[in-house]
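Take this structure, written in structure tokens, and hold onto it; I'll ask about it next.
We just call them A, B, C and D in the order they show up, numbering each chain from 1.
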Amino acid sequence: MPDTPTHSPRPRLGVFKLASCDGCQLTLLDCEDELLLLGEQIDIVHFPEATSPGQPSGPFDVAIIEGSVSTPEQQDEVQAIRRNSTVLLTIGACATSGGIQALRNFGDHDDYRRIVYAQPEYISSLATSTPVANHVPVDFELRGCPINKQQLLELITACLRGRTPAIKNESVCFECKRNDIVCVAVTQQMPCLGPVTHAGCGAICPAFNRGCFGCYGPKESAATAPLAAQMLTNGQSDEAIKRAFRLFTAESEAFREESQRHE
Amino acid sequence: MSDEHTVSGEKTYKVDLLTRVEGEGRFHLKVKDNQVIESKLNIFEAPRYFEAFLRDRAIEEVPDIVARICGICPVAYQMSAVRALENGLGVTPSSAIRALRRLLYCGEWIESHALHVFLLHAPDFLGYDSAMAMAVDHKDLVERGLKMKKAGNALIECLGGRAIHPISIRVGGFTTTPRASALNALRDDLANALQDAIDTVTWTAALTFPDFNQAYTFVCLDHDQYPLEWGDAIHVSGSGRFPVEEFFDHSQETHVAHSTALQSHLRDGQTYLCGPMARLNRHHERLHPTARTALAKSGLSLPVHNPYQSIVVRAVELVHALAEALDLIDAYTQPEAAFSDYSPRAATACGATEAPRGLLVHRYQMGEDGLIKHADIVPPTSQNQAQIEADLVSIAPQLMALAHNDATHLCEQLIRAYDPCISCATHFLKLNIENVNAPS
Amino acid sequence: MVSLPPDGLSDLFAVLVQQGWRLVGPTVSNGAIIYDEIQSPDDLPTGWTDHQAPGQYTLEKRDDKRSFGYVVGPQSWKKELFLPHEVVQTSSLNNGTFHWHGANPKPAPTAFIGVRACDLSAIGIQDRVFLEDTYVDPHYQARRNATLIIAVNCTEAGALCFCDSMGTGPQAGPGYDLCLTEFDDCFLVESGSDRGEAIAAQLPATSAKPAQQAALTTAIDDCRQQMGRTLNTDGLPELLFGNLEHPQWDAVGDACLACGNCTLVCPTCFCHAIDETPDLASGPAVRERSWDSCFSEEHSHIHGWSFQPSIKDRYRQWATHKLSSWHSQFGTSGCVGCGRCIAWCPVGIDITEQVAAIQNSPAEPAPLPGFKPITWHERKDPLQAASARIQHIQQETHDVATLKLHMPDDYCDQPGQFNMLALPGIGEVPISVSGNDGKTTEHTVRNVGNVTAAITSLSVGDALGVRGPYGSAWPLDKMPGRPVTLIAGGIGLAPLRGVIRHLVSQTRDPATEWVSVIYGARDQSALLFSNELKQWSTNPAVKVAVTLDRASANWRGNVGTVTTLLQRKHQPDHGIYLMCGPEVMMAAVTRQLSTDGVPPENIYLSMERNMKCATGHCGRCQYGPHFICKDGPVFSYAQIRPLFGKPGF
Amino acid sequence: MLTNQQLKKYSFFKPLTDERAEAIIASAKTTNIPADTEVLREGQQADNLYLVLEGRLSLAMYVPGRPPEKSIVSTISRGELLGWSALLPGRMWQATARTLKPTRLLVINGAELRALCDRDHETGYSVMKHVLAVVGQRLTESRLQLLDMFAHPDD
């Protein structure tokens, strides 16, 4: 990640939203203990969910984008944000993998419009929902649906300090074992995507007696094929395996390809 | 923030990006010779097609999927979804599970209302652009709100694993239930937050409100408790109640004169308001005694007909949610079973709960194969949208006497009083087609 | 040996509680027998047993009322001694001085109840890593010293157990305070320490009868017969080291998820990460260590690349470390035969099967370096850093700067060694010493990441944290009387500068003791120490040749690579060759020297790998049987030849 | 002319008997070339093989628009062979060689050397082995340069 420039006393932050549920930017407001401290260290110049007025005025030292690119306007918007920003961070499954709305990429977009909207011809949207990094260079992608508050704080702090964020690309199993959680896949043969899913959530699903459903997307070197083979052995149908890999990060390469193998 | 165009006595009030609301919207109010010629709450949030891709997903995936409609009130979506699905599957969660769900829902109300009251709405009354700016002069106030918000989030995290998109809600119950000790650990913070909430009622009630009483039709869930996670009937002020399953028969989409947008109205063409005001006006007697006392002390006269006063109503509901959460924790013993089992069957069923912003109705058609065949979801902001536009028309005469910026701000504040959740509304915009296509 | 009635457990618990021990022992939770805080024998998994298979673990009811009628669960005792997460230090920069504070662990005295023989062995193995190696980990040490061990012998083996093969069980070896053996009608109790003796003396026990002692022997023998798995360990370390290219690694690489579970449940795996924690407030920066694994990509990540990119590389690293190179490092196997890695692998990969597959069609074994016991210990916290002030900064190139540091008084290093340089809240990096004039120590730092970026942007007078020196040095003692050739590439000249200065300062015979410095760089602007290069040549015995990958307008010197300069003359086989640079360069040079007949003992290389602790604990810098941090960074080619240039190490 | 003893200092001649070495240099000549002088040019007929006795030359390949000194791919110094293309009939120079400093070359006529190699395979084998080593070395060098091994990790 490039260094955060320090030409102004406080770095200027812009928070932007594309197609999304707002949950990831809400995470910023969920930093109840740190929000005011953050406000002292960063000049939050654009964050429509929390501050007025709503017109962005760049340039930004750090821009944070939530949401996927799913309309022609958003295609232009990400270019403008990139032009106006020194460091560009994308947060959440939508911004980093297209989000759940990328399920449209596997279906017929016109059908989807017809199902939801009475007058589909009025809907201006792209046939695909794609991650921001497909359109402009991104300095760091923070994963998760939703992102983890601690990781967001680490990302922002690392940015301010000029260090590499201590955000690991390991599997959920690492967190599961560190947090002393009993593996639900081994004890209950529950389908669990933890072994191929990017860490960050704190392994909450196994802690709550359910298998990981992959909302942080694939880890690096995600060995989805042997895991899917094991799921088949354990009685899961191809259809169920396809659905499992095709959810919040369906458009990420490893999960997309695995879901397609079970079509 | 706003532009003024005065062309032959025509005035336009608009904000191109509404702030301190969830999602992306704008409003546009055109007045000519004291007559409103156009009132639009435009929503340009990108569509996400939830109802389409819910098709052919498994029943057990629905709570996870619908949560992603809204990061602010995911629990509400999960609650309405499991209500509808359980109705269809013939599953009745145990009373212990219902209590736990109510507790979880309290967490979301606390979180969402504290967010709105302190971080989004209060800056309007005190004249700041944001809570962060407000904190410079009113640090205690903002910290009080953040503390309350944190207590609500902690409750959601304890029951649901995380504050946003919790993971433990499933058809028939929870994936697992907490130990009593885990909930008791939250008690102190909730009790402190309750005291803060009571103070908040007093503080909000003392604010100055624009004079804007409207003759609303109020719609909310009916239940023998203050409505949150449960209720089988929907009440319409002035005309009575009907079963939740008949919601789609009682609501309809019509054209309104000033807009080509399709909006949600009752069958008689009436715009209506759902949310805190509707709930309080109908159910104030069912408030927790602590909340009733706070309400009485506040001097707020019922029924509330001024949307600017909704900040007081939310504060009262905050008291209610915190007091009830404490009661539920005190009464809690960890249930034997975290969930009841079910077998898939073909069915169509509705379920409704009270999201922080108002009535949230889900309808699912399920197949024997355990897959969803059809989904309809009506979020509160879609329902309130026509009412918001109507309110903008109604407030127009007051704007004439104000400086343009003040007038625009009054409009924005009015919209904000509804705590609109555009992210939610947008995915179901049968209600407002034209506006979606209107970005400039 | 004494005999305790079944309800005597309550007395044991009472004594322990009365003595003030926190009790941690087996209990049923979430479908498994875990180790957790317990209060009384009622919390024990009485009447339960575990059923295990590859990738499967389920609890079943027993027909009897045994409290220890199971083998091992998902956790091992390492979670109590080597914590999954732990703050290890805080640091800050105040008034131009770097301040370091170690954590001061004050663990509650804890009794481990129900330690199996395999796990007791595992504790012994981790003791070697954290307590009996060069550096002593104070966190582990504090907890270990506050531990009472109550072992329980196994009289039933699980389907995945192979402690008998590993020589670690089923009978608990030394190291316990008390050891119980459970029978239907009694517990036999043996004491292994004075503390244990004292506890046993307070129990309502009677002397064990000969028949009971015989029953114990029989029960243990029966248990040996029941082992669900076996592993043939005969010559295994050397066999695996000779089979690093066996096709079985490819096969298991295709099956493995690289999820890390095997290493996380392993009672001996000790690899860890050390990271900064979010520090928005202005307080001291906190650094935390957490369990890591050779299955994570970051474990072997350096300068944008991973040395073990494929899953096959990572599995091979794990298995060969555990069963082979561990012997070189610690004089023991790293496997105790507990079977956890088989049960808790989501796809049920069985290490005993993997080994058997290699044993079925093996290539020749290869010798491993022998274990060298450590005879001295560093008593201070190995992570403790001191403050060093920057006296001078020489900007060498656009992205390389040499920092002259005023080091702590007791500091002293040898050319080739390195220091860890730290900035609070940013991180720590290993940097070679590039010069030492007795008063100041130089570090030549290339800006290749965030920490080096921060270090290279410091100013004179600024302070940073230093600890070291670490690692091996260039073999100065081998240089008199023979020619020395130093081959450097890029920033690799920095670690060689100290030794070059040393040689240049000597009077050497140009005919027999000549010194040849061959230095390659990307282009003219990347040349380090340009003025010094010229000075060095003024010694008649020293020749300096520089070559560039890319020419520039005014460059009249060589264009090409160091290998071209090296091949211009035949390299004498009695010469000493030192090199540091990109591995691809060192590989080409090594091949060329070998072609010229230079024996591997005369070739020395400085190696680089991911490193977090530099004290042999974090496990990241492993290079086969070696740790770069303590066995290296300087190796003779003879030491590392089996691995050097092979992908995946 | 060079003596046998002098010749044997060069690895090109080292494996050859005195007679064979003399046969090669029978028609060879030495030449002194000042600095900054073109010795052979890319694209022209490869005629002579050169042994660098002293000095240094650069090899550059023409890249349109780039100054020649920035398209130097390699340098050749004392003891090294320049112009191995001359050992193949009909081949043209692959690069342009210029002296970087005053340089002394042993010039061996390519056609005559080829004829000698054809006549005496012992000589031919020795020459070809040496040339193969030279070409191999240059290949390795080119590959290492291609890898850009000193590049910044971000590049």
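Rule of thumb we're sticking to: contacts are C-beta pairs under 8 Å (C-beta built on N, C-alpha and C of every residue); 3 or more make two chains touch, one makes a residue touch a chain.
Being a predicted model, the structure only gives us computed values, none of them experimental.
Chain centroids computed from C-alpha atoms place A closest to the centre of all protein C-alpha atoms shown. Simply put, of A-C and C-D, more C-beta pairs touch at A-C.
Centre-to-centre separation between chain A and chain C, using Cα means, comes to 34 Å.
The distance from the centre of chain B to the centre of chain D, with each centre set as the mean of the Cα atoms, comes to 83 Å.
Chain C and chain D, compared by their mean Cα positions, are separated by 50 Å. Averaged Cα coordinates give chain A a centre that lies 25 Å from the centre of chain B.
Within chain C, residues 449 each touch two or more of the remaining chains.
Shown for chain A are the residues in touch with two or more other chains, namely 209. Interchain contacts link the chains end to end along an open line, per the touch definition above.
Applying the touch definition to all chain combinations yields A-B, A-C, C-D. Chain contact summary for the complex, chain C toward chain D: residues 303-305, 399, 448-449, 489-490, 520-522, 526, 547, 549-553, 555-561, 563-564, 567-570, 581-582, 584-585, 588. Across the interface of their complex, chain A is touched by residues 1, 15-24, 44-53, 55, 57-58, 61, 64-65, 68-72, 74, 115, 119-120, 123, 129-133, 135, 139, 142-143, 146-147, 149-150, 153, 160-165, 167-168, 170, 174-176, 253, 262, 338, 423, 427-430, 433-434, 436-437, 439 of chain B.
Interface of chain C with chain A (complex): residues 29-32, 34, 55-58, 74-75, 79, 84-85, 254-261, 264-265, 273, 275-281, 290-293, 295-298, 309-311, 343-344, 346-348, 425-427, 449-451, 453-454. Interface residues of chain A, counted against chain C in their complex, comprise 1, 3, 34, 37-38, 41, 150, 153-154, 156-158, 160-164, 166, 168-171, 173-174, 177-183, 185-189, 192, 194-196, 209, 220-221, 223, 226-227, 229-230.
Only residues 17-27, 29-30, 32-33, 35-36, 39, 44, 47-55, 67, 70-71, 73-74, 99-101, 103-104, 107, 111-113, 115-119, 122-125, 129, 145-146, 148-149, 201-202, 204-205, 207-210, 213, 215, 240, 243, 247-248 of chain A touch chain B when the two sit together in their complex.
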